[in-house]
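Chain lettering (A, B, C and D) follows the sequence in which the chains are written, and residue indices restart at 1 in each chain.
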C-alpha cells in the first residue's frame, strides 16, 4: 500500500492547477472512483504530514495513477516543483468508493477541483453505457479542467462560471436550480464545502434522497486510526462523528450535518 | 551580504566529497583566504540553520565562489542533491582571514577537507611568489582532493594517508614530525580538531610560535551576535570564550585551549 | 549475529522496545493490513473511557513546523466495546497489548482499568495528561496529589500488571509528578504526552482547530521529550517509555541512550504507516553496525 | 495608502511591532551592517548581568527538527561595559532599546535594571526564564513569589519605563505566573522563552551540548508560543510581546491575531539576518492585501 512512485507527467493545466501522473501499478490496478491516495510532499520533516488527493483516473495498462491538484499551500507548492523522474512516496488506495450501480441515469455536480474524483466516476459510468448529466462550475473558463477528456466521454455537460466567461453565470448549484434537477438514479457531487452544503439543501427541497458527496477534511493517518478527520453525520441515535478517511470520503448527502 | 546564488558546478570529486561553484560576484570580489559563507540548504523549515563552509577559492572575473564539501549529515546531503541552475541562499563573506605576509617561507598543514580554506591561502601565497611546504593528509589516496590544482601551484607537497595508499603511512602530523618541521615564517593549518590539537603540541615542542589554525564550531548567526560558536582561548586574564565566527575562524594556534 | 532486542519493561518482557503511542495507532486493528501486530513490542491502545465519547468538533488536526496539533478529545467507543470487539482481534494476531485508560474521576480510571485487567491485557497506561479534555486528563496530570490518587487506584485494581503513568511536561514539574506517581505505585512512566499548542488561520482570523487549542506532537517536540526522559532516568530512576517525534531507528536510539527502556511511535505512524516494523529492523542494523550485541547495554548510556 | 504599523506597547510608542528577541540579535551592533536599527520597532538586547559572565562550555548549539537548542548560558560582558560601549552606538543609530536584565538574586536584577534606566533605555525586559543557568533564571520564573519579587524590584527602580517580564511555559502555569507579575507591577509580558530540550549524538553516545540540556527555539515551538499568547491575552489581559518561531510576516500576524501587541524575531535572525526589516515590509503588504488600514485593529482579533 506504500510505494515510491515515479513521476511520469507533471503538467500545469490551468493557473495553479497541475496534472500529475505517477507510475504505481499496484494502486492503478485496485483503485475505484472516489478513493484517494496520501502523498508525502517532502523528504524532510517539514512539511510533515501526507497530503490526501483523489484519484482522478488510472491507466491500468500503463500502471499510472493520475491526480489533478491545485496549489494551495506549502505541500502542494513543493509537489508542483517536482519534475519528471523524481519519486513520490504514495500511500493508497484509501477510502470508500462511490456506489456505481450497473445501470441508470446519473447526475454529477462538480465544483472546481472537485472534478478530480468525479472524472474517474464518470468514466466508469459511461463505460457501463449510462447517461450522465454533468453540471460543472468553476471561477472562469480557464478553470474548467479536463475539457477535452470530458467531451470525449460524451456526457451532457452544463457549465457555470462565476464571471460568466463561459456557460451559466453563477454557481453550479444555481445552474442546477435554473435548469431543474434532471431525474436521476443517483446524484454525485464533489467541490468546496459551501457548494456541497448549498447543493444538499437544494436536493432536499427537491426530494432527492439518493446522493453521494465526496468530503474533505484534514487528515492524520488516512486509515481510520487517529480520528482526526471527523465529520458530523446524522444517525438514528443522534449526531455522531464519522471518519472522512475510512467511513468516507464518499458519504450519503443526507447523513452529513453541515455546520 | 545575502545573495541567491546560482549553482554553476556541482561535481563529485571523491566519495562523499563535492565541489560546488556558485555565481555570486559580490562575495567573489571581497572574499579573503580563511573566510567562510553560510548556506541555507533547504527552503523548508527543516533543516533550519545555515551551514558554514570555507571559501575554497574564487574566480573574480567570472564572479564564482568555489566550495569543497563533504557530505556528513542532512544539510550537506540536501546540498549535494541540488543540481546546476538551482539557487542557493548564501550569506558572506564572513569571519577573519589568514594573515598573509607579503613574503616569506610558509608551511601549510591540511587534514582531509581542511584543504578547502588552505587552497585559497596557498593560491595567494604562491601568487606572491612565496615558497610553500604543504603537508596534506587524508584517509586514502582518493581522498586527497584538488591534486591537479595543487600540483599546478607548485608547492612542495608531502602527502600522508592513513592506509599508506600514497605517500607517508600515518597522520599528517606524524609525517610532519618524521620530516622535521621546515623553518617557516608562519604555519597554517586546518583539519579535524584532533589533528589540530596534535599539531599544536608538536609545534609547541618545536618552539614554533607563529601559527594560524582554522577552527570549526556549530554556529547560529555567523556574525558574532549569538555567542553560539564558542571556543576557549588563553588570555593574560585567564581563559575566555571567543567566537569562531567573528574572532575566527582563524586563530593563533597558541591561544586555543584544546579540551 | 542479530543483536538482542528483548527488553524487560518494568517486568514486562517485550520482544523489542518498539511500542505504539496511544491514540496514534487506533486500536491496532486499523494498522493490521500494514503491520504484523505480533511482531512489535506492544500495541498501546487509544485512550479509553468508561462510556463512549464523541470527541471535539472538527477540524481536529493542524500541521505545524515539523509537527502537528490534534484536538481529538478522547473520542472512543467506551471500554465495553473495546473489550468485546477489539481485544479478541488483537489476541488473534498475538499482539502484546497495553491498554490506555482515561477518565473524569479517579473512580472512572479505576473502573476502566479493572475492566481491561479482567479482559486480559499485558499492561495499563494511565493517561493523566491529555490536553484536549476539560475535566480529568491534563487537570489530573498537573496536580501531584490527584496524579498520585489516580495512580494508586489503578495500581489497586491492576493486580500484577505493570502500570505506566503517562505524563506531560507543561504546567508541572515533571520530576515532581513522576516522583509522586512512583510513590503511588507506578511501575514506570510514559514520556511525553503532547504539548499544548495553537495554530491560526490568518485568512479566517481564527484558530485552525475547532477546539481552539490542541496537543503538539511530532519531531518538533523531540528535544523536549529527550530532556524529560533524561531527567526522569537520572533523578527518579523509573522505567521509561519514551516518545515524542520518533521518526527513525536513530531517533529511538536517542531516547534509549537517554534512559528509555522502550520507545513509542506516534505521529511517525501517519508519515510512514509501516514505521514500527521498519524501526525494529533499523534498530537491529544500527546496533550491529556499532557492534552492540544487546540493546539493554545502551539504555541510559548517554549518562555515562 | 500604507497601513499604519505603529503600536502602543504598554505606553511605549513603537514605529512598528517588530522587535528582536533577546540573545538572538546580540547588542544590535552586530546586525548593523545588515539592518537599519532605527527602522525596527525596538532592539531588545541580549540579557545582561551585573558582572561579566563567560557562559557554558561548547558545543552550545544543536539543530533539531525545525528548531535549535542553545546553551549559551547568558554570556555577556556585564552591564557596565554594555552601558559604556554599546548604548552610545545604538543611540547614534536612533534605535529604540529595550534592555534585558538577568541575575542570580532579586537585588542583582534591580541593580542591572537601575544602571540601564540611568543610562537611558526605552524599556526593561526581565528575563526570569532562562533555562541555561543554574541559579536565578528559570528558578525565578518557576516560582510565583520570586517572580513577583523580581518584578516588583525592577518596577521600583524603573521609574516610568515599561517593564516586561519574560516568561517560559515549562514547569509552571504561565497564567498564574503572568497574574503574579502583573500584580507586582509588570507592564506586560514577553512570551515565550525557550523550552528545555536535549539532543543526543548517537555516535558518541552523549548529549550534543556541552551543558547537556539547552533551550529549544525556532518554528518547532511556534504552536506552544501561540497557545501561551492566546491564554495570557484572554485570561490575564496584559500587553504581550509574542515570540517563538517567527519566520515571516504571516507568523507575526498569527501572534498579533492571538493578542500580541508586538512580536520579536529570534532564531529567524540566524536563518535570514535581514528578517526584521523584511518583516516590516511584509506586514505592510499583508495588511494592505487584506484591506486593513491599521494593525491595531487586528490585535487579538482571533478571539472574536
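Just so it is clear, contacts are C-beta pairs under 8 Å (C-beta built on N, C-alpha and C of every residue); 3 or more make two chains touch, one makes a residue touch a chain.
Here the structure is a predicted model, which is why all the values come from computation and not from measurement.
A.B. asks: Hey, what chains does chain B share as contacts with chain D?
C.D. replies: Per touch definition, common to chain B and chain D: A, C.
A.B. asks: Taking each chain's centre as the mean of its C-alpha atoms, give the chain farthest from chain D.
C.D. replies: Ranked by distance of C-alpha centres from chain D, the top chain is A.
A.B. asks: Need the CA-centroid distance for the pair chain C / chain D, whole Å please.
C.D. replies: Chain centres of chain C and chain D, defined by C-alpha means, are spaced 34 Å apart.
A.B. asks: Using mean C-alpha positions as chain centres, tell me how far chain B is from chain C in Å, no decimals.
C.D. replies: Using C-alpha averages as centres, the distance is 46 Å.
A.B. asks: Rounded to the nearest whole Å, what is the centre-to-centre distance of chain A and chain B, using the mean of the C-alpha atoms as each centre?
C.D. replies: Chain centroid spacing, chain A to chain B, equals 55 Å.
A.B. asks: Distance-wise, how many Å sit between the C-alpha centres of chain A and chain C, to the nearest whole number?
C.D. replies: The answer is 36 Å.
A.B. asks: Quick check: what residues of chain D touch more than one other chain, meaning two or more?
C.D. replies: 65-67, 218-219
A.B. asks: Residues of chain B that contact two or more other chains, please.
C.D. replies: 45-47
A.B. asks: Tell me the shape of the graph of touching chains, choosing from line, ring, star, complete and other.
C.D. replies: Chain contacts: complete, every pair touches.
A.B. asks: What residues of chain D sit close enough to touch chain C in their complex?
C.D. replies: Answer in residue numbers: 64-67, 69, 142, 169-174, 195-200, 202, 205-207, 212-214, 216, 218-224, 226-227, 230, 245, 250, 253-254, 257-258, 298, 301-302, 304.
A.B. asks: Quick check on the complex: what are the chain D residues that touch chain B?
C.D. replies: The touching residues are 23-27, 30-31, 33-34, 46, 54-55, 57-63, 65-68, 70, 72, 75, 218-219, 247, 267, 269-274.
A.B. asks: Tell me, which parts of chain C touch chain B in their complex?
C.D. replies: Those residues of chain C that touch chain B are 65-66, 219.
A.B. asks: In their shared complex, at which residues does chain B touch chain C?
C.D. replies: Per the stated touch rule, the residues are 45-46.
A.B. asks: Quick one: which bits of chain A touch chain C in the complex? Just the residue numbers, please.
C.D. replies: Contacts found on chain A: 1-2, 40, 45-50, 91, 217-232, 240-241, 246, 259.
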